[in-house]
Amino acid sequence: MKIAIIGYGYWGPNLVRNFSLAENSEVSWVFDLSEKQLDRVKKSYPNIKTTTNYQDILHDPETDAVAIATPVFTHFELAKKAMISGKHVLIEKPMTSSVKESNELIQLSQKSGKVLMVDHTYLYTDAVQKIKDLIVTGQIGKLQYIDSTRINLGLFQRDVNVLWDLAPHDISICNYLMDDFPIAVQAVGAAHTDNNLANIAYLTLFYNDNKIAHFNCSWISPVKIRQMLIGGDQKMILFNDLETTEKLRIYDKGYSIVPESDRNRLLIDYRIGDITIPKIPQTEALASMAKDFINAITTHSVPLSSSKSGLDVVKILEAAEKSIQNKGQYIEF
Amino acid sequence: MKIAIIGYGYWGPNLVRNFSLAENSEVSWVFDLSEKQLDRVKKSYPNIKTTTNYQDILHDPETDAVAIATPVFTHFELAKKAMISGKHVLIEKPMTSSVKESNELIQLSQKSGKVLMVDHTYLYTDAVQKIKDLIVTGQIGKLQYIDSTRINLGLFQRDVNVLWDLAPHDISICNYLMDDFPIAVQAVGAAHTDNNLANIAYLTLFYNDNKIAHFNCSWISPVKIRQMLIGGDQKMILFNDLETTEKLRIYDKGYSIVPESDRNRLLIDYRIGDITIPKIPQTEALASMAKDFINAITTHSVPLSSSKSGLDVVKILEAAEKSIQNKGQYIEF
Amino acid sequence: MKIAIIGYGYWGPNLVRNFSLAENSEVSWVFDLSEKQLDRVKKSYPNIKTTTNYQDILHDPETDAVAIATPVFTHFELAKKAMISGKHVLIEKPMTSSVKESNELIQLSQKSGKVLMVDHTYLYTDAVQKIKDLIVTGQIGKLQYIDSTRINLGLFQRDVNVLWDLAPHDISICNYLMDDFPIAVQAVGAAHTDNNLANIAYLTLFYNDNKIAHFNCSWISPVKIRQMLIGGDQKMILFNDLETTEKLRIYDKGYSIVPESDRNRLLIDYRIGDITIPKIPQTEALASMAKDFINAITTHSVPLSSSKSGLDVVKILEAAEKSIQNKGQYIEF
Amino acid sequence: MKIAIIGYGYWGPNLVRNFSLAENSEVSWVFDLSEKQLDRVKKSYPNIKTTTNYQDILHDPETDAVAIATPVFTHFELAKKAMISGKHVLIEKPMTSSVKESNELIQLSQKSGKVLMVDHTYLYTDAVQKIKDLIVTGQIGKLQYIDSTRINLGLFQRDVNVLWDLAPHDISICNYLMDDFPIAVQAVGAAHTDNNLANIAYLTLFYNDNKIAHFNCSWISPVKIRQMLIGGDQKMILFNDLETTEKLRIYDKGYSIVPESDRNRLLIDYRIGDITIPKIPQTEALASMAKDFINAITTHSVPLSSSKSGLDVVKILEAAEKSIQNKGQYIEF
């Protein structure tokens, strides 16, 4: 499988490295508009061709797929052209700038039979896989909420609010863990720059059965926090992604509602037990993602981070942006 | 000054201790419906009279004031009767169950000339006083946001949602630090019990000039967090109330917006400097609160934790509850 | 059982409270040289007699026992007089200033049949009991080392070095967990004051079978650390006494030595598994200690924190002091 | 300047990278006994020659210097041959296996006029440079002690005890910060394997003027700790090398001895003030080390991490090993 990497900025080098190392995979081209970036490719990978002309890749019959790691607003055009040229396509998250664009790409993919996949890398991490396992095996009981904080002093972006930058990770994880798509979205935020795009924002997703998810995203926090609480009625999980070897803490805490009730308190039976920090392997998530993409092309399987999951994230981001503009409007799907 | 303490549950003993130790103050009575609780008073304070009959206190001409530490739904009646009987009144937070009740008590206070005060203890902590000082002296620059997390595995209450239980602290601090009352409120939450009262809730306050405050409150978190971020454009503060000696961290972090702009990024100048953990005295906040109450009675001064601040908190809680019931409705004041 | 508390400084009030609450126990007297301290007793406990004359207690036939919480150099005389007067004796750690004194008290106790006990409170904590249980049930495998750090900015004492102040806790825990007395002691330290007594010191205990224990004690550390590592070849335990609810972490880490060996490395098989933070009850250790003392008097049982364990600690402290003075001399017992 | 890297195991790749990037420097050869390791070089750096024959390098007149990153027991022979062949020599820490060898290399260097330098990388870190600056500018007052903990579950080595593996970093830092060589060494340890080499060891260095340094080194700790306390009488520093952005905490804590004294306490005046976490640049220490080596060759300057500092570390390690074998013997220099 020969793959061209489109964009050699922050993420591109990771894609080149992982698709070079993956089985049945080879990087044929790297595209970037900057010659300076391409010089770095030549130095590290003398065998990979480079170009500033996207057409070179589209016209190369030996290249089977492209992996797009450029700014979001360019995703749609690049992916569309690649699919029309008969290439399989992998796109960095978020998939596109709008639901309309995502839908169009998915239709193209269905028509052409080519794989369209989005890179929600986090789904492939050992931590998220472990959490998923704890949920599906019933170990945490009934899932009730997900509460995520993803804040730091980050680079403001010109074109999008902070949710488009920081929330895709958490939204894709959340939909995956809930195994559901929300029934409604609600979001608020504040902007402190002239472009009037929120640099601090709070997003709530409402799922069936009173399940709720909340995301605290900020580019203007003095501390860096990457923390997610996953609450079941039997056990609760704290996922701290800044920890290197202790990413998950499983709390044997929960409560059950006792039938009778007295005057001042609900009769609730609390349980507080041990905490377990499971040993989790530290494989590189991106390698698993690359393998899943290659596998999808080869075996026609549906990848974990499918175009459907990519569309779902964009749907939520688009609705969240509308909700912020309408003062926290509750937007049902 | 002779003070009667009304209610000897969780908080009452602290009031008895502090008003016993305060200058120009003496505890004359303790009222509680439970004889068992009153036995504890007799054992520890043989000189304090106890009663299960509130009238005993109302009719005692030597008692100047009452301090009410009973469940919220009883605050209004107890305070009203005390004011009518000519007593000064201190009420635990939140002041009452409704804005209507708070307004009525304030009117009674104005008519009678008796002090009506609410106990927002946190305003008297050295940490909050230090933060206020950093703001008013301009050291953090322009205040932009407050982000608070107050979560733990807490006792569900039968009559109120989690905001009435956990948010009053943060709201009173927030109004005090912002030196303002919000222009609007928005809140969402989820309930996992039959009474349909949220046990997890998210409250946002919108202030003038794009300032925003957000409160994450939960009774169903496996970890206990008491954390508040106070963001200015020059410096930012992290207030971690679970720390004993390092409650505040002052980050010399900020950003300024640079006039020109390029294509992909706002031109923003970030600054990351030292972190300072100031030495803060550890005086008991409740002692300062008691002193402020006595002082208000003696000198007719307006206490820091005034009835106005109590009313403001109840206004916000009432609006927040309405917002939750209306799916995150944006409620303007 | 009527007990007199000797000394009402830092620790005395805790003894009064616990012996007042314990079953079959009553505090008859409190002795202190300071009238001011005794006034505090009168205020809080009007029914307890107070005196500045130790004879009052020795001559009171109704008082069965004394609990001595005075400076170390006074322990011997006070305990000796009490035993001669037919009282049971509890002494705060360290038991006496010298081995000679401890031996004399133990002989007196054996002759009179009265209980002599030392208060090594830590042995009664739920954390230490849990660790002991993990060891005796074989869960951590073969115990190999104990490594303790007990440092902070502490009050320098005039008469003793830092080990006499800080190490008794750790030494008593260590002997208890090792279930052994060391074969040798070695210690070094440094003094930065005129009295030439070490304010920072390092103590090593050598036990049979290559087991080692090391204690880092300091009055001049900027950070407060109370941490003990207990290493087995199957599991290892971290005991952090500054944590409130997460005092113990049990690491499923260990190694086994594999028969063959290669050129550059020992063949060792490492194992890294989960970490468990067990839920531990939070009962007050001092209450259990008080109960054990009363029980020892009533049933003639040997208390956990026996006079033998008190003597052992003094033996080690005395040898450690000699070792420091002789530049780290290895002192065998 | 053309440099050959000797050994391409754990550390060699870092040397190749840094000497490739450094100004006025080029990597000419990489030597390793393993063809497999050399294949990795060829893949990443097609322009660098590789060899399994050390003579190729010694006979290459264009190669100015060698950087030796092989196991310790090989350092001496490789360095000696290189110096005899007229090359400048950089050796990874510890410089050699014995004082005798170090002395011989230093003599060779003096005779030949070629640079001999050891790579104590830590001396070039921004954190250590900041600490040094705080000391020499008098900001922490009189330096009194250094207390270091460097423990984790590490790979046992066949030929050396844990001090030879873990202590060189701390010893080189300590001598540098003390600006002195110790007057005596004392060490104890325990072995739990057949080779009888300590896998847990405690090393104390005694410096003039009651200054003391203590090192806790272990391969059998469940937790990884890299922590150093640097105590002055005015301020104290905590250096936690596992932190990424908050490596140093400067405590405005100290004490002064007050002339008079009372009966129970030394009269000591304690001071507890703010804590500062300084912003420290995050430059790569190894790049500065490489620059210092090239500079020493070019300008005949004495590098910070000189052969003298390398010898000093070996002297201490050799004495420490003897002290452990002699039950903590106090060994004066």
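First chain written, first letter: the chains are A, B, C and D, and each begins at residue 1.
The rule is simple: a contact is a pair of C-beta atoms (placed from the backbone, for glycine too) under 8 Å apart; a residue touches a chain by one contact, two chains touch by 3 or more.
What you see is a predicted model; the values in this text were computed from it and never measured.
Chains touching both chain A and chain C: none. Between chain B and chain C, the least number of touching-chain steps is 2. In terms of C-beta pairs in contact, A-B outnumbers the other of A-B and B-D.
For chain D, the chain with the farthest CA centroid is B. Between the CA-based centres of chain A and chain D the separation comes to 43 Å, rounded to the whole angstrom. One finds 39 Å separating the Cα centroids of chain A and chain B.
Mean C-alpha positions place chain B and chain D at a centre distance of 54 Å. Along chain B, residues 272 each make contact with two or more other chains.
Interchain contacts close the chains into one ring where each touches exactly two others, per the touch definition above. By the contact rule set out at the top, the touching chain pairs are A-B, A-C, B-D, C-D. Looking at the complex, you find that chain D touches chain C at residues 71, 144-145, 147, 149, 151, 153, 155-159, 184, 186, 188-195, 200, 202, 204, 206, 210-212, 214, 216, 218, 220-223, 229, 231, 233, 236-238, 249, 251, 253, 255, 257, 261, 263-266, 268, 270, 272, 327-330.
Touching chain A in their complex are the following residues of chain C: 246, 252, 272-279.
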